[in-house]
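Provided herewith is a single structure, encoded as structure tokens, for subsequent inquiry.
So that you can tell them apart, the chains are marked A, B, C and D in the order they are listed, and the count of residues begins at 1 in each.
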Amino acid sequence: GPCAIESREQAFAIAERVRAAGARLFRGGAYKPRTSPYSFQGLGEQGLKILAEVRAEFGLKIVTEAVDAESLDLVEQYGDVIQIGARNMQNFSLLKRAGRARKPVLLKRGLSATLDEFLMAAEYILAEGNPQVILCERGVRTFADHTRNTLDLSVVPAVERLSHLPILVDPSHGTGRREKVLPLSRAAVAVGADGLLVEVHHQPSKALSDGYQSILPDDFDRLLEEVRAIAAVLGRTLAAQPTAAQAAKALH
Amino acid sequence: GPCAIESREQAFAIAERVRAAGARLFRGGAYKPRTSPYSFQGLGEQGLKILAEVRAEFGLKIVTEAVDAESLDLVEQYGDVIQIGARNMQNFSLLKRAGRARKPVLLKRGLSATLDEFLMAAEYILAEGNPQVILCERGVRTFADHTRNTLDLSVVPAVERLSHLPILVDPSHGTGRREKVLPLSRAAVAVGADGLLVEVHHQPSKALSDGYQSILPDDFDRLLEEVRAIAAVLGRTLAAQPTAAQAAKALH
Amino acid sequence: GPCAIESREQAFAIAERVRAAGARLFRGGAYKPRTSPYSFQGLGEQGLKILAEVRAEFGLKIVTEAVDAESLDLVEQYGDVIQIGARNMQNFSLLKRAGRARKPVLLKRGLSATLDEFLMAAEYILAEGNPQVILCERGVRTFADHTRNTLDLSVVPAVERLSHLPILVDPSHGTGRREKVLPLSRAAVAVGADGLLVEVHHQPSKALSDGYQSILPDDFDRLLEEVRAIAAVLGRTLAAQPTAAQAAKALH
Amino acid sequence: GPCAIESREQAFAIAERVRAAGARLFRGGAYKPRTSPYSFQGLGEQGLKILAEVRAEFGLKIVTEAVDAESLDLVEQYGDVIQIGARNMQNFSLLKRAGRARKPVLLKRGLSATLDEFLMAAEYILAEGNPQVILCERGVRTFADHTRNTLDLSVVPAVERLSHLPILVDPSHGTGRREKVLPLSRAAVAVGADGLLVEVHHQPSKALSDGYQSILPDDFDRLLEEVRAIAAVLGRTLAAQPTAAQAAKALH
């Protein structure tokens, strides 16, 4: 899906395309944590209502971010998967609240989180009684300047050795550059990720956020084709994967 | 002050010593964001009540951390300065709530925050109408393994060029090693910091958190003596500094 | 091949196995740059002679590292590909000398080299008249502690956009952990790398260096099988790749 | 001194000024390791001859960089202190050659060198029989973008605990920004460094390299005044410091 929900028209246009490509999940932000207080902050509850319409119209499951206790209440009500963003990975109050939710939680790795810190953040959710946690690698901060973040694919086999939790990879935020999304998506599936989060926008140059890292729907079709072929090499099919993760791959 | 408020006895013992050394501010955590959900999480409101007693008894101003909207309400009620920790530097809901508070906010730099992100986080507070923001450098994440974090003192002159806000340095979290607190405190004052946050504990080996980076009260006396002499070289006196920051240096 | 040439027996045992797996190149170090002066430093010219025997016996091309002008003279004489290690990526005297060699140069990325610095280091070789430069990503230094280095696969598509030079990936040094070599090898081929450098040892626990990141010959067979299948998905065959790089993949 | 020796006139103009300020050492590069092969590479032996004239004329000791075995032979002949640059910190052949020299060696920390690697690099020199090694912190690579490198002052007390070797700090390369050189010089002395390396140029805007981080002679006067006052607070005088280091501070 897109980074942020901007309007009903935008959401429907993208949902239609990714649904046609075989997606089952749709991610879009109604609450957007932005570096600057003067950037577009998301549509809030209005965005959540648009997402609910997307579900009704296209049969897609909705993944969307909660940024505090109030938005989590609403996301739990309108959405299907509650996303906790990288900047909130150690917002322990929010993690505990997510641990009391009845819906799966997608937890993104912080920009400088060690593996231990990442798994301990998940533990905050699990310890409150919510067993449905999906991890997501989205790049870490390094000195490298040819990419917005450095995607750390080695964390995928490391998680597999230490945890039963599924792990997705987000090559859109992980690289911050559109032209790297396709090759890093292939690599993420090849390394063993349980799914992908990819930003798709039908008019990236007009996107209110993250346009430079969103790919076009046609590129998304090609991406799905290539990652399916690589998944097959590993003896995995999209349908054989953990439910939430599979949906994430299939769709998003 | 100490990292966490553990008991009335501990808080009073430390407060008495730092007050005698000339401190005017006392920092102690009632709400502790910890990597693991199974570590000591702080005494909560009970800790805030102990801090209020410390103020009444010793005439020290209280600095303590808020981790969500509810604890911020209480910290605003019981404390004098509201601390936002490094892990919450981009918890924008919390920043906005702090921006509506009537008390000064001490904002710690995130472990991988760029200078722009740090100043933009302060802007979230300022934009809501609270002009009393104090920045605090407390170390960043790097590959270096001889120190828990890498204290980035170069951010101090960089902040001075870009912002009117005062900036403190926390050499305790910034190094994570007791033996480095004194030399890095000297360096922080020499580079131009407006004050210091130093963890002091009368029995570090029994501390419930951060004992290995807390210094003893006697070392704190020596630290104050050395940094006062360096401040004098720069033509600054503790009393000549911004109110909140000065208090922080004088005490904490 | 192995990290270091330890003896004629060791080199022949490994060469026989990787040759059988279809390899055409054999990498082994005669001159070993080691962090400590008290670690095994390699066999020197004696190691080069063993490598020459490996070539004569098994028909494998030899890749081995030069660390200064003298060893480069010998490597040029005995070997087929001259390796410049990560620690020498900005040893400009050595790069210039390699630029005057008549054999291909395998240039490994420094542990904290930006993409520009990496390409400029290659330029030192090219500018002296040697057009045969092969780049190699082998991991960079970050805060992450679940892996020895952080393999930066995003540099592969970045190199493809900026340079005509082929780029290999070394998942052995790039992760430093045996169990990550197979998944990261798959990811490297999926992202578009022109080949792999993989450390293989028939008795890793007895290796004089890097034993913990060397895989067994049987695992190497499986690795080659999987990466060939992924290369096929991308429409690439091993034989279709640049000569030096292909050899590197096929063998090493 | 300046970064690079550009001409007799430039060297003499700067030497005259720093001599007047009380300096005893003069650092200038005749061999310049540059990222690009197309940048100014230094004057080579001609530069060394100019440096020898500076010594004869102003009574200053000469510190200059060697980049390979040949330049080291010449630097040993013309200079007083042999510098090994950050990019060559793990050029072990060069370190061994420096270990057989009869003159002190100034070893700069690599951009991503851990403390262990730094001390082990010194050990390569010591193990060959040269006991005169001076360490130098000059900044490390991190994600921070408000400074060219991140000066790691915490390494100074760490070296003091683990080694008898003196350690200098180079705030010019360590920050890469002229306006940070003065405050970080104060901090370096306050943290306990045994001396400073500071780039001074009488016409920074015309410098062939590093002009943006060179300070003017007048600023150097002020810098010396401030760091002397801070050294006095620590009970140190410039004259009480190790010979080479003291000279470096006094001069350079």
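Observations on the model:
In this section, contacts are C-beta pairs under 8 Å (C-beta built on N, C-alpha and C of every residue); 3 or more make two chains touch, one makes a residue touch a chain.
Source: prediction; values computed, not measured.
Common neighbours of chain A and chain C (chains touching each): B, D. With centres defined as mean CA coordinates, chain D is found 35 Å away from chain C. Centroids of chain A and chain D (each the mean of its C-alpha atoms) stand 48 Å apart.
Of all residues in chain D, those that touch two or more other chains are 112, 140-143. Viewed as a network of touching protein chains, the structure reduces to a complete graph with every chain in contact with every other. Of all the residues in chain D, the ones that touch chain C in their complex are 33-38, 67-69, 71, 87-88, 90-94, 111-112, 116-117, 120, 123-124, 127, 140-141. Chain C contributes residues 112, 114-115, 140, 142-147, 150-158, 161, 174-175, 179-180, 183-184, 186-192, 226, 229-230, 233-234 to its touches with chain A in the complex.
Interface of chain A with chain D (complex): residues 141-143.
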